[in-house]
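Each in structure tokens, the structures are laid out below.
Two complexes come next, and they have one chain in common, chain A, joined by chain B in the first and chain C in the second.
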Partner chain A sequence: MREYKILFTGTVGAGKTTAIGRVSDVPPVMTDVRNSDTSIAKERTTVGLDFGELTLDNGDRVRMFGTPGQERFAFLWKILVRNALGLVVLIDNSRPDPLADLALYMSGFSEALRTIPCTVGVGRMETHPVPSLDDYAQAISGTGRVFPILSVDVRNRSDVILLLDTLLMQLEADLGGENE
Partner chain B sequence: MTVSHGLSKTATALAQREARKLVDELNGVTAAVIATIDGFSVASAVTGGLDPARVAAMTSSIVAISGVVSEEARLGRQKSVIVQTESGFAVFCSVYRRDVELVINVIAGESAVLALVSYRAAQLARTLADTSPFHA
Partner chain C sequence: MSVLRMGVYGLPAAEAAVIRTIVQLYASDLSFPWTFVTAPPYDALLVDESATAAERAGFARMAGSLLTLTRRNSGGHAHTLERPIRADRLQQWLKSTERTLLAVPPVPAGVPEQMVPKIEVSESVRFTLRRWPSALLLRNDPEKVRMASLLVRRALSAIELSDLGEIPLSRCVTFLQMLRSAGVLELHVVPSSAWPHADHLPRTQGLSAPVRGAFARSLINGIRRHLGLGTP
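Up next is the complex of A and B:
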């Protein structure tokens, strides 16, 4: 049995806590509190971390951690990404500038992204189709990287599983490459 | 970004006054920051270039994480956390008000007396909770 530590990060309100809660086999650990920032239409927000566990069909276990989204908690991003084998970045396409949001996390996790795979999940595309997935791909390639980008609704367990599968496939491919 | 911490002007002024008193009156105390539970500074008195905004965010995280530890261990509602270091300590306290939950962080060097700082931080938490407009 293998264990993977996967980190969920991304925009406030993009659904990091929801995603982890949707697939976790155990009651998730959540540190959400009342939100005081009126620019965010959200009653509660994560200020510490989220945690959940998922056992895959092959017995491997995925330990999922979630970060707070706000940049003022960037000190926690650096702590939580330690020993992570992959990163899931969730973006809310209904926000004013989702590509700038993406750039924030690409920059905040730039050191980790040199060595670990990443998958980007974009939410609310059905109501906010712009920027498109191609726009995201272009923005990411501009930083010299290539990541899978998926349109997701993290309220659906299957979408979260798809994000994790995509990430784990990259991880397997990377490990395979190292072993060759 | 607009922050609405929900604390009245009077309560904010009291918090500011009490933060300053802690730093001024207790030997070795270098900072006292009172923040919303989601990490925005409400009142602070700091020395030595500490950034109250960063301290506020960190305080919120530490209190939230220790809160889930207390919950997991079924130890009841958490009251305070103490981080002891090689050259000092930090005391974190929760302030449970009905209008807004606050967190306090008092940072002190090695010349400070832990028990005294801890007592005063807890006293400040009680004072701030007692001034809640919904306090029974």
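Up next is the complex of A and C:
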């Protein structure tokens, strides 16, 4: 039996734990605690590692980790992302500066992003349509990279699956290149 | 050839059948990109005038373009189609929606349609994305999102794109044409002597270490099966 991992990162309240819960075979193990950060209007928040898992037909497991959202835990990101199959970045469009949030994760994971697939899911666009997905695409292309960027409602399983599908397609493309 | 999806909501069954028939008839022309669908995602949606404002707001999020079917002599407002349904007016709307969605400017007068650049299906012509395509172009359509995701990582020919995504070649070619028209597609022409070992082709990112090895494809297929995505 082999184990793999997919990492979910993003700001506090972006829905990492919810997204994992929508596709996990088991209820996600949560390490949420009461939020003591008064700058964040959220009663409970992830300060450790949340994870869910998929158990495949052959017994292999894919663990899905949610990173702590706050920047003060950035030191953990590099450790968690090591050997990950891919990275899902969740952005909350209702925050004051979501493009800056994205830049934070692009920078925090920049080394890993040279090799692993990444996809960006933007939430709460229905109530907060600006910045648009095209603004995100423009911001990412400005860094010389191209990643899938989708509007998501992480409460919808199909939206989370579509995000994961974009990671799998990138892995497929990698495989095609390796076979040449 | 169809790559754009048109649906209807709230129309009497007879009118829905008329719309479906018109779309199918036009689709015999290979340059007509529309197909009639009964479930989202929609690129264009024809809605009965009885739909509420709230329903319309919901549809506006689901579809690239919305048209309301109204009663005869209702004033001919914008974004409406009056009864009785006329094939030419429906086609006119689809054509205009197609141009918006594909971001294709109308061909200037005097320039033959065949002068518009076409996508070449060849191992020597490969494509990558310059940037992620616009939301209007993708409409969260899983098939388009899948094709775009493949083009993020590595320069692929239309044939490779079709093989890896398990998507009919004609739909891949149409999608590549859309991307090219939108200005987000990078072309790479490789001498035939260089492929399939085209090591100099751009790989937009490096290989992801965990998926190296013979087990990688079965891993990806296993995850896809588990998520109900089917296996390319």
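Everything that follows uses one rule, which is that the second predicted complex is superposed on the first by the 168 of 180 C-alpha atoms of A that agree within 3 Å, B and C clash if a C-alpha of one lies under 4 Å from a C-alpha of the other, contacts with A are read in each partner's own complex, and residues count from 1 in each chain.
One rule holds for everything that comes next: contacts are C-beta pairs under 8 Å (C-beta built on N, C-alpha and C of every residue); 3 or more make two chains touch, one makes a residue touch a chain.
What you see is a predicted model, and the numbers here were worked out from it, not measured in a lab.
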Inset, instruction - Put chain B and chain C onto chain A via the superposition and say whether they clash or fit. - result: fit
Inset, instruction - May I ask you to decide whether A:M30 touches chain B, chain C, both, or neither, giving the answer as first, second, both or neither? - result: first
Legend entry - Spatial angle chain C-chain A-chain B, Cα centroids [nearest 10 degrees]: 170
Inset, instruction - Would you sort A:A103 into first (chain B), second (chain C), both or neither based on which partner it touches? - result: neither
Legend entry - Contacts of A:R72 with chain B and chain C, given as first, second, both or neither: first
Legend entry - Contact breadth on chain A, by residue count: chain C or chain B: C
Legend entry - After superposition on chain A, the shortest CA separation from chain B to chain C (Å): 25
Legend entry - chain C-contacting residues of chain A that also contact chain B: none
Legend entry - Footprint of chain B on chain A - complex, ascending: 29-31, 33-39, 45, 47-49, 68, 70, 72-73, 75-76
Inset, instruction - Using the touch rule from the top, collect the residues of chain A that touch chain C in their complex. - result: 2, 4, 23, 54-58, 60, 62, 83-86, 113-117, 119, 126, 132-134, 136-138, 140-141, 145-151, 161-162, 164-178, 180
Inset, instruction - Going by the contact rule at the top, pick out the chain B residues touching chain A in the complex. - result: 1-6, 36-40, 53-54, 57-58, 60-62, 64-65, 67-68, 72, 100-101
Legend entry - Touching residues on chain C, where the partner in the complex is chain A: 61, 128-135, 140, 142, 145-146, 148-154, 156, 160, 164-165, 196-198, 203-212, 215-220, 222-229, 232
